[in-house]
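The same chain A turns up in both complexes below, where it pairs with chain B and then with chain C.
Take a look at the complex of A and B:
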């Protein structure tokens, strides 16, 4: 499939001076590395369906909830890749893409572009390549990632802790301190669990672990958070080996 | 009957189509052209492919010329100019200067199809260095190269890596006195951008614009394919100046939608020059006493509902003599002018229509 950027490898970036400046805290990689990341974005199979051409009408910004709260513009995302501005796309991968709420309101683009989809691809590239911004953006989610990947359930009662959710106010502390009691007092069937939302049976768990393993999610976690990866491997190792898929190493 | 003759001034698309229309209606057309051949600006300015439709310009013009050449109802006068006119609707006497000397023709109506000139970028501003830098060219210079299927830097004959168009040169400018939009340059620049990308797939092509004016099907037939299929970069912002740097040209401007200044190197800069009334248009307007607008184009007397009648009864205008026009507009006006001129001479001569008796020969209809 001949897609990609059409006009070859070197940057067509028109200017280097960008208001706002660079925010990444890691060492600034050489241009070639930024170009490699750029190409990974534009060579993604979905990319040709996500960006046709942009006439810069700004409707995506007008409907974007994030644009109202951050210095974020889905138009700039689309324009930066369209202009093959390797430097700017790299900057955006380190900042802007994490300000998108992935609501896809921008799908009402009259050219049928999908700026939110481009953000999805850019985030994936950022995660797969262990960009500092991806680590930082996902830092707050390590407990949730751990919970989902190890138990197959989402937020569990024991995650409601005042240190994790300071904005929940004094109730969070009271709830956390007396979690067992609160759970037993609830009318619906909770199985009195506090470490997962509900019981997940072994077969389901094994299948989930297999999915994390075979689709590369585990490897992706490794690029972002090595200690979380180690903990998850500990949890999953035995079941995966029994299923005939040793993690190896 | 001389009073039924219709004089058509200008042998470009508008004049040719008007002549064909007049002959098809059964009247005699006298077609006056100052050059030694028919075809008008698409021919004299070496147009490559036409906007839109991308058909080969010479091929299309040959078809239009063939429709009048050899037609017994079309009297073609080449190397001829109009020098004087007297009389009124139904009875004009017009003096021509021909190779053999002056000649007088009689006509009941006149259609002016004297067209436009491309804006001369050296006329009022040297900001873009058109006469200074070989690699700063105009749409017409580019068109001539594209017709030869060879697009190179005029300075050294090498293929360019980066080419840009600057839109609205000579148009939409109060300081130059041309406040109007020339209507076709967005489409032509985009068409040329596609042709350059087809010839030189490694060459990056940029178009710096104020607004892209790609009305009707030009949007989906030219603009979107240029951007989506041929990856032409459209940047909103007009270039302020061009400076030579080594063997390249540095252009300076603002990328307005990205909110940043830019200064980039180009190998060829193409000035998208607009339309001005041709010398011939201004001269004929003077000779025939036609009202012109402040830009010198011939003013249609009745606005939108009648685009071809002028301030003088019996004189009609077709094509870019009446302001910037694309080919579609021009051909439509030419047909309307032929129809109105024929109706006028018929009314004035109070003769029955030639069509009321059985047609002689197959040209009718």
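Take a look at the complex of A and C:
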């Protein structure tokens, strides 16, 4: 899962709550809004398993790859939530959380904490509430979100382009030019495709779309990126209705 | 005059039996999620899909046995492998065919979507669990048992299993979602990575070895490319590097270099393992560390 999104997002204190609940660049939101976000983090069902107190021993910092390259510390994350420091947690949600590479090396915490897991929850709350830091950190990532949510797979052969893979040298161009043929030549028939990792049945995809609808993931996307949400709804609606899952927009 | 000190000192839970030998104490083992899954099944909460025979029993980090099915497996493919390094999955299937082991390469499978989740947080625990359980239900419907190619999916599904076992509200939510698509809530008895299967059949692969690989240096970072998370469910074999690191790659690499010793002195297990035969339809002989198989 070492899928770093360490982008060094906006600095704290530049985000503001709107009546719709989303937080945009601007003035500080009131303390009550920060407290609401803090409570969303601590009320996540995983939270009690992720924090048991903190010795401040710094073992998590010693093993953390992001701590080596950013002004980031998993100990500070654990400490801020453990001390219920609402202001600092808000500040971290606006910057630090996007510097974690989610490698979970910090699981070796002697207190059995999971600082990386706390970061996962904080990021989720940042996305769900449309925090500016989330929008900024995920700018340019919509293509991947679209791929995984619409095709049910994340890495497709047609992503192999010479400009995207300069380290592949001439092989990338050759592969891209003859992609269809390469894929057809492969023994597993499920891999005779260029736009998804493998061929996924229509019924399977429809079931996946149903999951995105029923678990609130599409609502999260709406808060993050309205145009991506519209495209995804377009792709999903017809299939869901055809299959007898009338969900509306 | 020195003051006598009489403080009861608890010794190490499992003292090494001889210098250089490394042992973990079963007392340090975390809770047994497989037993908890079976308890939930007894309460009617879900179905536990049993590992089909024949299987090989291996040993995990704290000494618990893990069943690795040899065939009749449902191949949960990997986004990264199939998309950009398809020779990976192709080789796994090729090995199955070479060994005459039956498998299922489904289209009724999605990504676990965890790679995206840990990168962008554009999902949540309910969605992640529902995606996992949809895939498991799809495997169950075919009668084949999941074998997971991707280390991310393998690590993530073990976390999802733990979350589902510990949180009834999550189970209820996911059960409702699956019910809408007419699927049951099913958890596999074991969560099995393809490299564990390779480890289980390494002696059979070695019998068919045509290239001498003894001068090749192999390396892997097991935390990233094998167990990912939940290392206590990974295979650790006292006969492989003294049980100090995961056995899967090291065991296979050593098996490919015939001049190397593959077992501790006095162990006869390797001999019985190389006599493994699954053509009879019964369970194979024990692997070096298993002690028994059913």
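Descriptive notes on the structure:
Just so it is clear, the second predicted complex is superposed on the first by the 178 of 249 C-alpha atoms of A that agree within 3 Å, B and C clash if a C-alpha of one lies under 4 Å from a C-alpha of the other, contacts with A are read in each partner's own complex, and residues count from 1 in each chain.
Simple rule for what comes next: a contact is a pair of C-beta atoms (placed from the backbone, for glycine too) under 8 Å apart; a residue touches a chain by one contact, two chains touch by 3 or more.
Source: prediction; values computed, not measured.
In the overlay built on the shared chain, the residue A:136 is in contact with neither chain B nor chain C. When the two complexes are superposed, the chain touching more residues of chain A, out of chain B and chain C, is C.
Of the two partner chains, chain C is the only one touched by A:104; chain B is not.
Residue contacts after overlaying the shared chain place A:76 against chain B, while chain C stays out of touching range.
When the two structures are aligned on the shared chain, A:237 is found in touch with neither chain B nor chain C. Contacts of A:224 after superposition on the shared chain: chain C is touched, whereas chain B is not. Contact with neither chain B nor chain C is seen for A:40 once the two complexes are overlaid on the shared chain. When both complexes are overlaid on chain A, the residue A:55 reaches chain B alone and has no touch with chain C. The intersection of chain A residues touching chain B with those touching chain C, taken from the two complexes, comprises 5. Across the complex, chain A meets chain C through its residues 1-5, 44-46, 49, 102-105, 107, 120, 123-124, 126-128, 134, 138, 141, 144-145, 148, 152-157, 159-160, 183, 186-191, 196-201, 203-205, 207-208, 210-212, 214-217, 220-221, 224, 245.
Residues of chain C that touch chain A in their complex: 77-84, 86, 89-90, 93-94, 105-111, 113-127, 130-131, 134, 138, 152, 155-156, 163, 166-167, 169-170, 173, 177, 180-181, 183, 223-224, 228-229. Of all residues in chain A, only 5-8, 12, 14-15, 17-19, 52-56, 75-76, 79, 82-83, 111 touch chain B in the complex they form.
Listed in rising order, the residues of chain B touching chain A in the complex are 202, 204, 212, 223-224, 227-228, 230-231, 233-236, 255, 257-264.
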